[in-house]
Every structure is written in C-alpha cells, then in structure tokens.
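First chain written, first letter: the chains are A, B, C and D, and each begins at residue 1.
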Amino acid sequence: MSTGRLETFADGVFAIAATLLILNVTVPRPGNGNLAHELGTHWPSYVAYAVSFLTIGIMWVNHHFVLTQIGRADRAFLFLNIFLLLCVAFVPFPTRLLAEALRTPDARAAAVAYGVTMTTTAVFFNALWLYAISRGGHLIDERVDRSIVASITRSFRPGVPSYAFATAVAFVSAWASAALYAAIALFYVLTGTLSPRDA
Amino acid sequence: MSTGRLETFADGVFAIAATLLILNVTVPRPGNGNLAHELGTHWPSYVAYAVSFLTIGIMWVNHHFVLTQIGRADRAFLFLNIFLLLCVAFVPFPTRLLAEALRTPDARAAAVAYGVTMTTTAVFFNALWLYAISRGGHLIDERVDRSIVASITRSFRPGVPSYAFATAVAFVSAWASAALYAAIALFYVLTGTLSPRDA
Amino acid sequence: MSTGRLETFADGVFAIAATLLILNVTVPRPGNGNLAHELGTHWPSYVAYAVSFLTIGIMWVNHHFVLTQIGRADRAFLFLNIFLLLCVAFVPFPTRLLAEALRTPDARAAAVAYGVTMTTTAVFFNALWLYAISRGGHLIDERVDRSIVASITRSFRPGVPSYAFATAVAFVSAWASAALYAAIALFYVLTGTLSPRDA
Amino acid sequence: MSTGRLETFADGVFAIAATLLILNVTVPRPGNGNLAHELGTHWPSYVAYAVSFLTIGIMWVNHHFVLTQIGRADRAFLFLNIFLLLCVAFVPFPTRLLAEALRTPDARAAAVAYGVTMTTTAVFFNALWLYAISRGGHLIDERVDRSIVASITRSFRPGVPSYAFATAVAFVSAWASAALYAAIALFYVLTGTLSPRDA
C-alpha cells in the first residue's frame, strides 16, 4: 500500500483539527459598550488558539516529513497513524479547557489535561517512527539516506520528555506549565530540529 | 468515470466526520476548583469519542481498500457512496447521545440509536460492495485477483450481523451493547479481517 | 490555469458543508427516560439532514462532471465558482431553520428561506455553465463531444424553475414545499438527468 | 521540498475556514410566527458571511497563484505559511463579532478587531511573498517570467495599507469601516489585480 491516501486523510484531520480550534475561542456577547475591554480579558483564548494551531502545524510538517521517508505502509502502521490522528483531533478539547481555566482555581487540572494530551500524542508519534524503522527499517524507502533516518530518530527524542516535564510542572504552577507548552511550540518553529534546515 | 474524485470527496467526509466528533465531547465549565473530578465523570464522552473515531478510521481504511479494487464507477455506485457517506457523517449524533445518556434512564434508547446508525452504515457498505461485484463483477478492475474479491466478500459478512446483534443486546443492557460496539471496533483494529495483513 | 486546484477547493467545501449538517441536528438532552419518544419527535431534523446531504452530494457529482468538460479556467469562472460555493456552504443554515420551524407558525418563512437558498444556488450553477459555453464554448475542452455539452445544457434547464416553483408553493403550504425539495433531490438521485447513466 | 503537500494543507484550511463561517450566522429560534421579520433583522450576519467567504476565497485564489510561482519551499517559507493560515482560520471569530456588534455600542471595537485580523493576515501574506523573492528570488521557479514576479509584487502593495486604513476609519465610523471591508473584497473580485486577467 502506498502512503498517498494516508497522507490525504492525515492532511484532512490536521487541517480540520487546526481550523476547528477557532470554534473554541469564546465570542463575547457584544452590546454593553465594553467589548474592547472584554476582548482584552480573553487573551488566554487567543494565545491558546495560536499555540495549539502552531503545534498542530508543526506536527503536520513533521508528519509529512516522516511519510516522505516511508516506502510502504502495512496495517499496523496505518492503525498507529489513526491513533495518532485520534490524539491530534482531540487537541481542541484541552485547548479550550486550558484557555478557560487558566485564571481559575482549576488551572492545574486543565494544564495537566493539556499536557497529557500532548504527551500521548508525542508517544504515538514516536511509536509510529520506531515501528517504521524497526526490523532494519522495514517500512523505510530504500533510497532514503541512513543519516536522515538517524537524524529524525535523534530529533524525536526530546518530544515525550519535554511534554512530560511540562505536564509535571503543572503540579507546581499551571502558568509555568502553560508557558512551557508555548515555548516547546516556539522552539520547534525556530529550530526546526526534525528535518534539515532546507528540507 | 475514474474513482479518483470519489476518493477525494469520501476522504474529506471521513476526515471531517471523525474530527467533528471532538465538538461533541462536553467541555466542563471550569472555575469551581473541582475540574479534575468533573473531567473524570465525563469518561463516557472520551471513550465514545475514541470508539467512534476508530470506527470511522477503520471504515475509511476499508473504503479505501475497496475502491482500490474498483476499475470504473457508474452513477448507481456513486449514489450508493453518497448514501454511505450520509451515514458516516451522521455518526457524531448518536455518539454524543450515547455518551450523555449512558448513565441515565435513557441509556437503552441511545444505545439503540447508535446501533441503528452503525447497522445502516454497514448495510450500505455491503450494498456498495455487492453492487460492484454483481453482474460478474462489472465494476471490478480486470487486474484484480479473484481471491482478493472473494476474501473481501467473506470479510464483509460479519459486519451487519455484529452490529444488529449489539443493537438487540441494548434491549437487555445498554452497557453490554456499548461494550460490544467498542469490541467490534477493537476487533477490526486488531485482526484487520478486511484486507490482507500486509496490504 | 488548470482546474485541478479549483476541484480540490470545491471538493473541500462540498464535503465540509455536507458533513457540518450534522451539527444542526438537535441532540435532545437525555435523562428523563423518554429519549426514544423525543428522538421520534425530531424526525424533521433527520429528513432535513438527509435531503440537504443528498442535494449537496448531487451538486458535487454534477459540479465534478461539469469541471471534467472544462479545458481551462479564467478569473471570471473562478469567481463564479466561489459564489456558487458560497451558496453551497450556506445550505446548513436554512436546513436547520426548516427542520426547526416546520411544525410551527414559522414554517412558511423557513420554507421560503430554504427555497431562496436553493434557487440562488441553481442560478449560480447555471451561470457557471452558461459562462463556460459562451463565446463558442471558450472554456470547454476541445476534445469534449458537442452532444455532451448540449445534453448538460438541456439537463440544467429544470433546476432553477423547479426550485423557484417549490419556493412559491411555500406560500400555499410549507409542507408541500418541503416535500417538493425532497422530491427534487430524489428525482436527481434516481434519474441522474445531468450526466449520462454510465458516465 | 515540493509545494504540493503545502497546497493540500492550505486548501484544507481555506476551505474549512470559509465553510465554518456559516456556523456563526445566528439561527433565530422559530415558533413565534415572526420568523420572516427576524430573518430580516439578521442581515448583517449574511453580509458578514458573504464578505468573509469572498475574502477567504480571494486569498485562496491568490495563495494558489503565488504557490504556482514557487519552485521549492524551505522551512521558513513553510512556517510563514502556517502563520498565514493561523490568521485565515481566525477570520470566523471577528466576522461573528462584527455581525453581532454592528448595531450596538460595541460596533467600533468589533470593526477594529475585524480590521486588525485582516491587516495581520495581509502582513503575513506580504512577508511570505517578500521572503520568496528575497536573495534574488531564491524560492521562485526558474521558469517563471520576471514580469509576473514584478506584477505580483506590485499587486501586493495595496493590501496592507487598504486594511490598515479601513481599520483606522473604524474610530470615526464602524459602518464606514465595515463598508470598506466589503468594498476591498469586491474590488479584488472585480479587478483581480493580483494575477493577470486570464491566468
């Protein structure tokens, strides 16, 4: 089975999950004449929207780069992908939760929920790649350079521990945890650790 | 008519229906300081989300595998597909219903609604395939091996009776019925009865 | 400009508009023990969902068939398409309105709103085709048979008057009007007037 | 990296953002017998829907035209695209705000929010193009005519100042500002300044 159709389905889920995030940004009821102020108080919604959109965008870029190295897909690979997409499509839920709870006594629970979602997503992303390169790289395209495979494997390492650490930080400070989620997204945007600079 | 555009439209509906499921997971209003507890009480929402996402994912894999065998599409095939997609796009409705009703006196009605949707979907999936292979397989690509056609036909058999049975079980126990829906999804994930293991 | 990207965008809008229809089917709040009865009372929602899904599905089939005849697109053709898609994406709005209003004193206004949307959509669909075949068919692919062009033109004729008539009927009876909308959808499904039977 | 997958993701986000706009058109609760009147009072919702749909449609046409000139993408180009899509997917939020606030004392704040979104989107669109043509057009396909590049650059100029001006006008009159947003969309539909007439 070629990976073409898989990419189409994955592209759809990534694009829809990212675009649906906007439905979770609270639209204030206008009419009282203090909309400008109210819009200002909802800033965690906008930041949460931007961070989750970027995170899904980065995952899409990386998912696409991973699939480029894949020569053939088997059923297990397909279902690992569906589990990964199940996690990606779940992201709007904890995003809204964190945005609404950040300034309430529920901030910690919401930050943990966000982190657990992201850590689980990172785990499936790793599982997908580790499965593809297992048994001597049985799903990797023969024409792919071994050094690229090694560099992807290396770049996957920080994902799970970073999100797990940020989740643990939530038990000390939900704000610090939320800042770390944003920092992880920015780090990936700026450094592009996964794929080579000009890939 | 080639099946390329049909696949694009179908991919879109499968991906959107699966991703929309998250909009039906109840987001608790945070602020009371017991969000962790509240998140816990909504576990049927998460399970229902996961089961329906997997089910749609499996149907997408199988739909794609079926279309691979199709050499040409006629108008009847096209409209059977639209009826199938109409059912798939309906899945978020009974999913939410079942998640919200499972621990109320309405559990039975919700489990029946879920089962009727899934059984109807399976009926259209069967109709689609039976139509394609009718009249000596008039829509099947000539290069397709007869044994693959026979194996798909065989693998389609349990779908309708399984869902019909799980639906009937709802009249005895909604919980048992819901467990069966999850079991059917897991069964398909684990055994991959439809397509050969490494297809 | 080739029509490939246009089809991708159009496929997306058709698939999303059809799949979003489910968000407008009222989910009853379960818990009172009479969910089965309540589900029954919402039947206009299910019928409206099915009719609009089929209608969008048929429009997608026909839109795809029309684009198959197009050899090149210019900017006017592109924007006629965007106006057509603007109408298609609007369909969930009057669908919900009609489903909720059909058994209230507002049935007539809702049936008119549905009909105006459908008539406008049909007008843009006609405009798109008439523009493509204008000036000696300047956008039509040279390899396309003149008889196919003539048959498409013929098959487009009933669309606008049918919907305009069904809209006018709403002033006499909203139910008759709603039945006509369903009949038009079924008529297109069964007869497939636009494209040849086996296209 | 070729731009094919990027276009698929972008097409998805454009199509979904445009189609989601309908979810923000207020559906009046029918039943009082004055639905026709109520539908009339919501006209700003319909106009806002149409203007934003057209604006996203135009951006999609232009984005597609820009990508046609691109020979290769690097990581920075990819992330500029994700930031642009983040803005496009945000459009439903200020669209709803403006539609609901236009006839309230909050009209100004809503018109500014709409304008800031559009101006930011235009800034990223410009950044994307300016980056592509920087360093002697390092991302531009070699086969692309220099005069087309110059004409695109020229056509990009009015975008940011137009939206910035319309945003500033909101401080004098929200209605004039809203009219300017509609006028900018219509201007692009009618003149098609970006791409040559028959491209």
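By our rule, contacts are C-beta pairs under 8 Å (C-beta built on N, C-alpha and C of every residue); 3 or more make two chains touch, one makes a residue touch a chain.
Being a predicted model, the structure only gives us computed values, none of them experimental.
Counting the residue numbers used at the interface between subunit B and subunit C, under half appear in both copies, so the two copies meet with largely different residues. Inter-chain spacing, taken between the CA centroids of subunit A and subunit C, is 36 Å.
One finds 26 Å separating the Cα centroids of subunit A and subunit D.
Among the residues of subunit A, those touching two or more other chains are numbered 8, 12, 16, 20, 23. Remark: the chains found to touch one another pair up as A-B, A-D, B-C, C-D. Across the complex, subunit C meets subunit D through its residues 1, 5, 8-9, 12-13, 16-17, 20, 23-24, 74-75, 78-79, 82, 85-86, 89-90, 92-93, 96-97, 100-101, 104-106, 108-110, 112-113. For subunit A in complex with subunit D, the residues that touch the partner chain are 7-8, 11-12, 14-16, 18-23, 25, 27-36, 39, 49-50, 53-54, 57-58, 60-61, 64, 189, 192, 195, 197-199.
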